[in-house]
Amino acid sequence: MQSWHYADLVYMYTYIAVGIAFIAVALGLSRLVAPHHPSKVKNEPYECGEVITGQPWIQFNVRYYVFALLFLIFEVETVFLYPLAVAYKTLVKTMGISAFIEMGIFVVVLGLGLVYPWRKGILKWV
Amino acid sequence: MAATKASKKSVSVPKITEETADITIVKEKLKSVAKELHEKENLHFEHLSFITAVDFGDYLELIYQFYSYKRKHSLTLRTRVLTKDLVIDSLTSIWKAADWQEREVYDLFGVKFKGHPNLKRILLAEDFPGHPLRKDFACKNDEEYILK
Amino acid sequence: MSPLVRLLVSLAISFPLLLLNVVFIIWFERKTLADIYGGIGPKHHGPFGLFQLAFDGMKLIAKEDVIPAKADKMLFIIAPFLVFVPAFMTFAAIPVYNNIYARNFDIGIFYIFGATTLIPVGIILAGWASFNKYSLLGGLRSAAQQISYEVPLLMATLGAVMLSGSLSLVEIVKAQSKVWFIVLQPFAFIFFFIVMLAELNRAPFDMPQAESELVAGYNVEYTGMRFAFFMFGEYAMLLVMSALVTILFLGGWNSPIPALNGLVPGITWFVLKTYLIVFIIIWIRGTFPRLRVDQLMHFSWKVLLPLNLANLLITSAILTVVYL
Amino acid sequence: MPGAKTDTIKLNIGPQHPSTHGVLYIKAELDGEIVKNAEPQLGYLHRAIEKLSENRYYHQALPAVDRCDYLCPNLNELVYCMAVEKLAGIKVAERAEYIRVIMAELHRITGHMVWAGSLVNDLGAMFTPLLYSVRDREKLLDLVEKISGSRMFPNYNRFGGVKLDIPEGWLQDVLNYIDIQEKNLVDFRNLVESEIFDVRTKGVAKLTTKQAINFGLTGPLLRATGFDWDLRRDEPYSIYDRFDFNVITEKDGDLRAIYNVRIAEVTESFKIIRQAVKDIPAGPICNKVPSPLRPDKGDCYVRIESSKGELGVYLVSDGSDKPYRLKLRTPSFCNLRAVQELVKDYKLADLIAIVGSIDIVLGDVDR
């Protein structure tokens, strides 16, 4: 790894640290200033002022997560498209038309990946 | 009082000739009469406007207001329940509109509708004492309830 | 300039800049929305109510911090960090001018998208940890929505990357010194703009918040400063994304007409373009109703994604012809 | 996914919720986003108007009735006055009839417009459409204030006529207001009728005429299913038979149809008001009414077409100076019943929109 890569990381971590520190300081300040009088009613979750029936932490319907799975597949594939896209100009110049064909194969495979769940009916929100 | 006049007629199956009609029936016949009102081609009362009750001391008069969009005539159907025995057939199976109307009458007058799928208080709280639209309901009950 | 000093200077500039901009955007949104619906907006504190946000901030600091008794305290506390910190992180990669930036990451786009992907995690955590049905629904919606729109977002960016041949934001802007990518990639621009709205949870895709249904969605239970940081992170992202649109498609600091180059400092153009995008986003919020959650999903997977793929194919075909 | 066990959520929507139009409380059961069951719980705004009226003189019940449907209070007054007039055999002054019609139609306009605004709000728009219609309502309230002295609850109708004569220039103000409202209506429609509005409203909560009648739905909800019925035309009360207007119907029975019906009805109301303003005769504004008022023993049912549907008053007199029984058949209450059946298997977002489309005013539901 080259030295400027480390510099990148230093920048990233510093920004993260400053972000966290900012929140921590603000929350600390708020703790100093703000009143703190917890009560039973106040600490109830909000549900339009009515008595709560049942609890929210349940076996939730899986349909939300199907999209998460799909996302995972597509995201990984798309990430592979990026190097190809960056190098596309040079690829075309060196390899000619076959660069486009490779790109086409990639996109078509992605497209098939979309068609499959579509036909399976997974994209339908039931 | 129109109600007392009409009650002498004691019609069980109504004949409707005029534009509007006002009949009184005995409460046992309510369901069968209602069915006929709804289904008979020449009656065809598809619209139930409202159901309400009026407290006359020892009996409650229940009033059903019907209208026929097709024949363009309306009908006021009256029947009575004694205060001692506040039970009557429910019409929810014929008109869905009757559902909340009956619940309201139950809530405010205490009339129980036999066969109603969900007979609960609708406007007042479940633990509210008494039925406020009855004439013997004193307003101070209300204050006691609120204070409680 | 030694590297350490440079880092400190960039922090010292970008941090207040972010704060000021966010505060200004919130004020700007309230004023603009008020103009749209025929109201007045903030007006009492300072000229045109500009100091309203300072007073709001004071109020939020002095507000009681309530954590529901049954909530998962740990996650509840972490969630605002996960929303705010990534937004701040991305700020490090935004170049305002040729040589004015905190850091010119050579994978700048990746860096930004990588950081923003953390935000849904924060939202889901907030929704789950609150022990509240509304926030749970909001969090789950966010899980489905932001994730679904992440893919088209990356795809829409690909066009700009292909044209410039670089992932560095500075390089991408430099590649637009003659023609902006909005001209070369009009469809990608439109897709990117739509997807950006969804990523930002902005109307008409503000499903995870959805006042009329979920009251405030994932942040129902948050009060005081914790709530403020959700808001803050959200508006910081609004700023970053608007800047990103400017960089990717609107030519960054390049002036609209090449002849004007050098007349005004390039930063002016950058700021103007960014705020134009911010304005359009606010305008959309003032006008459109919300989509439904299933329609939202269908739109992403069945409309945006195929169109993006098609756009990608066409772009690469044209590029092949041009480069050959 | 087959085989995966999932639980439903029991969610309380309301009474403290931003889009339940006041204090409606809906007990909903959700499977993910899908509404499996929704049961409205009423009574948070129950003010016992019916019971109160039994303990007051006839004219004292008027302000109470006013507060029923607080968006178009004049219609409540009108129907109550009509019932008392019918029972006591009071004739209404000719000029007053025209004023009543103008007032009623003005309130119908604002009722429809505020409904449309809040529907779009329920669909998730920013306040813009709602505030557009509230802005116009503000002008209407000025008009009401000018004629009756009070903005929200005019308490303006009297048995046999109206309280006060028209102030100078008021009719011109009304015409000006209509002109402005007509222009703003175009604006409003341009703003609201977007693609997103289309996909959110078309095909949602479809109803057939048969179902609608069985549910007891009336007014725009019924007309939106293609049923041609309007009490103003088919059972003309007051002087509606003198005006020329159309009854609007749509055939789809979904939210979009309801919206179309209501917006078109606003235009019809413009027509009626213009005719009424043109034809209004001079003369007394209120006939003499015996005091105290003691109608003969008897009962009557009077109904009018309010902006929400059939608004009726069933009045029983025992010959004394107080009503023996006053029953208000309010359209919000009767229409709201349908929500329970309509929302099944729609999304949570649709539930809010459907409740909004019914046009409930909680004062009208709970009374």
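Per-chain residue numbering starts at 1, and chain names A, B, C and D are given in the order in which the chains are listed.
The rule we apply is simple: a residue touches a chain if its C-beta (ideal position, glycine included) is under 8 Å from a C-beta of that chain, and two chains touch if they have at least 3 such contacts.
Bear in mind that the values here come from a model prediction, so they are computed numbers and not experimental data.
By count of C-beta pairs in contact, C-D exceeds the other of the chain pairs C-D and A-D. Chain geometry summary: the mean Cα position of chain C and that of chain D are 43 Å apart. Here the spacing of chain B and chain C, counted between their Cα centres, is 60 Å. Chain A and chain D have Cα centroids separated by 47 Å. Chain B and chain D, compared by their mean Cα positions, are separated by 25 Å. Counting only residues that touch two or more partner chains, chain A has 47-48, 56, 60, 63-64, 125. For chain D, the set of residues that touch two or more other chains comprises 9, 11, 17, 32-33. For chain C, residues that reach two or more other chains under the stated contact definition are 133-134, 136, 140-141, 215, 293-294. Under the contact rule defined at the top, the touching pairs of chains are A-C, A-D, B-D, C-D.
Residues 33, 36-39, 133-134, 136-137, 140-141, 203-204, 206, 210-215, 285-295 of chain C are the ones that touch chain D when the two sit in their complex.
For chain D in complex with chain B, the residues that touch the partner chain are 42-43, 46, 48, 50-51, 55, 213-216, 218, 227, 229, 234, 297-299, 301, 303, 310, 312, 314, 316, 318, 324-325, 327, 329, 333-334, 336-337, 341, 366-367.
Across the complex, chain C is touched by residues 9, 11, 17-19, 30, 32-33, 120-128, 131-132, 135, 191, 194, 196-197, 199-200, 347-350, 352 of chain D. Across the complex, chain A is touched by residues 3, 7, 10-11, 15, 60-71, 80-81, 84-85, 88-89, 91-92, 102-103, 105, 109-111, 128, 130-136, 140-141, 143-144, 147-148, 150-151, 154-155, 158, 161-162, 165-167, 215, 220-221, 224-226, 228-229, 293-294, 297-298, 301-302, 305-306, 309, 312-313, 316-317, 319-320, 323-324 of chain C.
On the side of chain A, the complex with chain C involves touching residues 7-8, 10-12, 14-16, 18-20, 22-23, 26-27, 29-31, 33-38, 40, 42-48, 55-57, 60, 63-65, 67-68, 70-71, 74-75, 78-79, 81-82, 85-90, 92-93, 96-97, 99-100, 103-104, 107, 110-111, 114, 118, 123, 125.
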